[in-house]
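The same chain A turns up in both complexes below, where it pairs with chain B and then with chain C.
Presenting the complex of A and B:
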């Protein structure tokens, strides 16, 4: 049975696109067939983060409006056989999406893939509500920071009221992915702790991804971080999160502050474990 | 962090720059003509359909944008009996 997962947050720039690419790639690396769908119509970026920007021909809006068939808009990843991308349109706006159209696309994708990962745009407008509309479960991406936590709370409310599942009285599983976490700052009390965020949002934890240079390097190169540097802490956090999505029990490790080496100390840099 | 790593760790930035230059050059050049692929596909299909019957979803258009040249690949699945006549 295929699963539709929305990656959402309310607030912009918290790591939805990075996380959609990394989770999608991690699931594909685990042998699942996966499509990552960019719902950020007008501001697509998933193609860049996944390194497929030179190969986009048709997009989600073309399929929704019937100008292209679904298989024509799907782009296969060059590194992972079972990973696909359905890009967003760069030149249209979110009003070009219709609920019926999106539902048909989702049905078509369910017939082809194990996992459909929907990368939501920021905000609570049409793009974001349509990205979550047909979801079976949600990954709520949050940074340990007041406005991000507040916006996540708002999004959780929408997930519980505006999705097909919620309207039909069915359960929609929601999990928290805490990203851009800085253990050093959390230790110094400058950043909210994991427990604080969990207590406020009261949804189960899918994983914690530290603030890391590996993420930036990976997107510069057009690789999901789990493909670029699988041994890096960020990639391992995403790979573990993907295993939890698949129903495995994996304990979540909270990143700890690591003692900086000679170089780190010389340059006054702290490294996340 | 090794000595080598330390001095090399930013080498992904030039790649990012190059990828963006190619992408943005294309996006700017094609601004307002975003339906080019769509139109090409329709017209090519129409031309072929005059001679052999093909279905819309048996046509795949692939594009690879490059710095100097781009390649457009059009893959059309033609049923045996259409050619057999």
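Presenting the complex of A and C:
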């Protein structure tokens, strides 16, 4: 049974693309066959984050419009056998997508892959609504700040009303991925607490990813963070989130602030998990 | 439509006016077809005319001459209709006929209703006086229920709106906007378990969050109208 997962947020810059790549790679590392689909037509990024920007020939718009066959547009990851990318077009805009065309692409992907990760563009317009339209479940990426939380709340409302599943009277499973979490700032009260975000959004927690330089470095190098530095806290958080997506019971731990003194004492030693 | 009855009561005579309802019937040419349609209607809903006082509007029939009006009246009587008056015809036409005692000076107004007898509509269930919402109202969603009260078991998120004809009851936190009393006006109230709202309004009065003190924030609060101003008070 293949699953279509939309990674969405409403707000831009919260980490949808990074999370799509990292979750996709983590699922593939766990042996699943995965395709990550970039829905951000016109502002594509996923190819960069996955290090495939120089291999794009055909894209989602070509397939939707019938100019290319699905296998022609799919790009296999060089590092992971079971990880694929369906890139977006950079030269077109979201109006080039049609609901029928996207549905056909989704059906084609369902026949081939265990997981179809749809990287949604920001906003609530056509690109975002088509990315979520055929989803079986959703990962709502949120930063612990009020604007991001409110936009996520809006997206959850749309997931509950504008998706095929919701229109068919079925519940669409939604999980929260809290990214760019900064334990030090949260402790100082400069950032929303995890409990506060969960209380407002009222959906189950898929994972908490701390703000970290590892994520940025990996993105710039064209690596999903779970591939670039699997031991980093961010990579472990994504790997755990991927296991939870697969239905495993893994407890979520809230990242704690590292105290300078403790860090100094542990310097040079291995930090216990 | 309206008839006046006198009631004799010795020794003094008391005369009272009272309005009654009568059905107006307007025979039209061609008369044979009109009577056929009347027969069909009477078969379909016999209770519609049974025992009702009727007034015949003969303005169409009278055009064809004085005899036509009399023939029409005969036809109506033959069908058992209780004609109590006529209109649209010169009273002299009826003079010295057996119809001359029919009331001709009738004052009345048409009811604001379709003239055609309604074919007994199936009574629609009355609109629900209240709306119950069991889940969270998300940012950007609008709950607009102008026919009555709204009860929300979950939360109302920041950027969501709840609009009610009557009162609003929110058992989760109210973080968005709530506007009550679109229909009931100042009688409406807003109740919430936790006030973190952006705006509350009742009738035409509203207040934004900066206009109430921190002592109400996060508390169980009711909002109501009191002498043309909005009053927020703690429930506990």
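Criterion: the second predicted complex is superposed on the first by the 260 of 273 C-alpha atoms of A that agree within 3 Å, B and C clash if a C-alpha of one lies under 4 Å from a C-alpha of the other, contacts with A are read in each partner's own complex, and residues count from 1 in each chain.
FYI, a residue touches a chain if its C-beta (ideal position, glycine included) is under 8 Å from a C-beta of that chain, and two chains touch if they have at least 3 such contacts.
Remember, it's a predicted structure, so these values are computed and weren't measured experimentally.
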Overlap of the chain B and chain C footprints on chain A, listed as residue numbers: none
Chain B - residues contacting chain A, complex: 1, 3, 6, 9, 12-13, 15-16, 19, 22-23, 27, 31, 34-35, 37-38, 41, 56-57, 59-66, 70
Contacting residues of chain A [partner chain C, same complex]: 124, 146, 150-151, 153-154, 156-158, 160, 200, 202
Residues of chain C touching chain A in the complex: 136, 138-141, 154-155, 157-160, 175
Complex contact set, residues of chain A against chain B: 48, 53-58, 62, 67-72, 89-91, 213, 216-217, 219-222, 261, 263-264, 271
